[in-house]
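A, B, C and D label the chains in the order they appear, each numbered from 1.
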C-alpha cells in the first residue's frame, strides 16, 4: 500500500472550550484506509491562523497527495457541509490557539478575493444522502481558521493538478449534550460520510 | 428469562410520508433485552387515534408490565425528548392512518385535563447526557396520536402501581436526508439512550 | 367610560438581564383603550413566584373584569403565542426576582394537573394572521413564573363566569439586537395584535 | 434637491409565490428621501437573471449615483443582513421570473471569483443595533438572482469611485403569517434601518 497515490485528510484540534473536535476524531477512523485506490494520510492541525496553514502546506510538500480534503467543526449544523468557497477574508470572533484575533483582514494580501472548489460537490452531496448521510452544500466556510486554511490550500493548489476541498462537520453527540438544542451526528456516520465523499471526489 | 418482570416498550409505524419511524426501529434493537432485571417486551402501534390506545391497553392487560415506555417520532428535535405531560386534548394537523383528523376535542371526555409523568425525568436526562446521548425535558407531547396514546396510558395507570412514560425520538439520519436542515441521531445512539433511560427508571 | 365592563390585561417587569419586557410595553399602549365595549385595565406584575399571582388575584377582586388576559415574554418566538395549557408544575431554570428557584414542584398542591384555556384560541390566531400579525397556538407556557401565574389565574376563575387566557410575546427589536439571530416584533405590531386577540375573545 | 448627489436604492418584485417583497416596499418609504446630503433614487428590479442586472447597470448610467445599495428578500432571517461577498457563481433552486434555472455556472465568465464589499459593514451593523434595528454581517448572499445582481454591480463598479453594497431583508409580518415559525420585521423598522445604514455608509 506504500506505493498507492495519497489523499491528505486534515482535521483540527478541539477549540473554543470543547473537549473533542469531530474533525480530529474522524482522522483516527480513516487514517490508512484505502479509498478508490488511494491511501488516506491523516494530518492534525492546530486552530492557529499561522501554524495551521504552514503545517498543511508542509504536509502537501511531503506527501504529494492527489487530493487534499480539509475538515473542521461547524457546531450546530445538521449534516456534512460541503464548502464551495474559500474567501480571502478573516474576521475572528474568538481568539485562535495562539491568542490572535484578527478582524477584517485578508488571508493573503494581493491574492484573489476567493477560490471556488473544483470538486463535484453536488454529486458528493447526492451520494451522501443516497447513503443515508445528511449533507448540504454551503457557500461560506466562515471567516475563522477553517476558512483561512481553506483559502491557503486552494491558493497553493491553483494551477497545479492537485485538487482540494473542505467539509465542515457537525458536533458529535457527546458535544451536543453540552449545547442544549444543538444537532449532532455520530462519529460512525461522519466517518462513513467522509469515505463516501472522498470516493466520489476520487473518481467514482 | 421468561420469569423476569417486564417492561412494555411501544413504538409507532411510519407516517406522514416517512419510510421509517425511529420508534419502530428501536423496538427491534431492544426487543427481548434485559435491562435492570426486566425483560423488554416490544409493541408496534399504528398511527391511529382509536386503534393505537386500544392495542396499548390490551398489551398491558396481556403482559402486566412493571413499567410502560411509549416512544414516537418528533421530526426536527435534536435529542431524546422526555415528556412530562400527557394532555387531554387532540388537535390534529394531519389525518391519522384511518383518515380521521379531529380538531380541538378531548382525548377522553370527563377525564382530568392532564397527567404528569411520575418517572424521574430529570435524572434520566442527566444520565443520558452523562453517557453522551443528547436529551431534553419537554412539557408538551403535542396534540396528535403520540399525546393521545400517552394520555390514555397515564389515565389507565392512574391509581395502579404501574408507571408509564413517553419519549419522543429524533429523525434517523436516513430520514433527515430528505428534510434539509433537520437534525437526526443514529439508531445506535437512540437505542443506547432508551436503554439508559429505562435503566434509570427501573433502578429507582 | 367608567361604567364599561373591564378587561384586565397584565404584563411583567423586565427580567433575566433584559432592560425591557414587551409585556410591560404593551400595557402602556393599550391602557384605557376601549375594545369591543370593554375598557382595558392594565396591571404590571413582578417576575416573582409569590408576589405575581397574589397581585393578579387581588386585581381581579378589585376590578371584577369580564376577561383576564395575561401576557409575558417568550424570547426567541416569532409571533404572538396563544397558550392553551396552564400546568400545575414549576421547574425554574433561573431564579425569580426574589431569588427563589423552585425545581419540580406543584404550583398549588392538591389542585388539578392542568387547566385548558376556554378562549377561542384558533379563531384568535386566525384573526391575527388575517390582519398581518404572526401568531401560533402553543401547548406549553413553560414551567416558570408565566405558567405559574397562568395556572393560578385559571384555578381562581374555574367555576366562575370570568374567562382567562395567556399570550406570550416575542422580543422587541431593541432586545433582539442583543441576542444575535433572535426574532422580534415591533411594539406597534404586538399591541395591534393584542387588540385583535381581545376583540375576538370579547366578541364571542 | 435636484442638484443633490444621488444614492441608487434597488429592490425586487415579489417572487416564489409571495404577494409582497420587503425590498419593494422599502423603496416607497425611502424614495426621494434626503440622507446625509444625498437624494434616494429608487429602482425596482424583476427577479430575472438577465433583466435585473441589465436594468441596474442602465440605471447607474442614467443616475450616476455616488453609492448604490441593492436590497432583496431573505425569508427567515431575523434582521438586516449586510452582505460582505458577491460571488461569481449561480446555482438556482427555483426558476427565475423568466423561467430560467441555471445550475452551477458563472455569473460572468472570466471575471474574478468574488468581490468583497468596501462599505464599512461592521460600523453599519453596530449603528443599526445601537438604534434598535436587528442586524447581522453575512458572508454569502446566496447563489440566486440577488447574488448575481450584486456580483454584476461590484464588477461594474470595480476601479471606479462609486461604492456598492447589498442588504438582505427579513419577511414583513404579513408574509410571516403564511410561514409558521418564520421571523419578520415591520416595514417601519426595515425602512428606518436602511436609512441608518445609508447614513453611516455616506458619512464616511
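The criterion applied here is as follows: contacts are C-beta pairs under 8 Å (C-beta built on N, C-alpha and C of every residue); 3 or more make two chains touch, one makes a residue touch a chain.
Owing to the predicted nature of the structure, the values given are computational and were not obtained by experimental measurement.
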item: Third chains touching both subunit C and subunit B; value: none
item: Chain centre separation (subunit C, subunit D; CA means) in Å; value: 38
item: For subunit A paired with subunit D, centre-to-centre distance based on mean C-alpha positions, whole Å; value: 31
item: Subunit B-subunit D separation of Cα centroids, rounded to whole Å; value: 48
item: Of all residues in subunit D, the ones touching two or more other chains; value: none
item: Arrangement of touching chains [line / ring / star / complete / other]; value: ring
item: Residue numbers on subunit C that touch subunit B, as the complex places them; value: 84-85, 87-89, 91, 103-104, 112-116, 122, 137, 139-140, 142-143
item: Residues of subunit A that touch subunit B when the two form their complex; value: 78-79, 128-130, 132-136, 172-174, 176-178, 180-186, 188-189
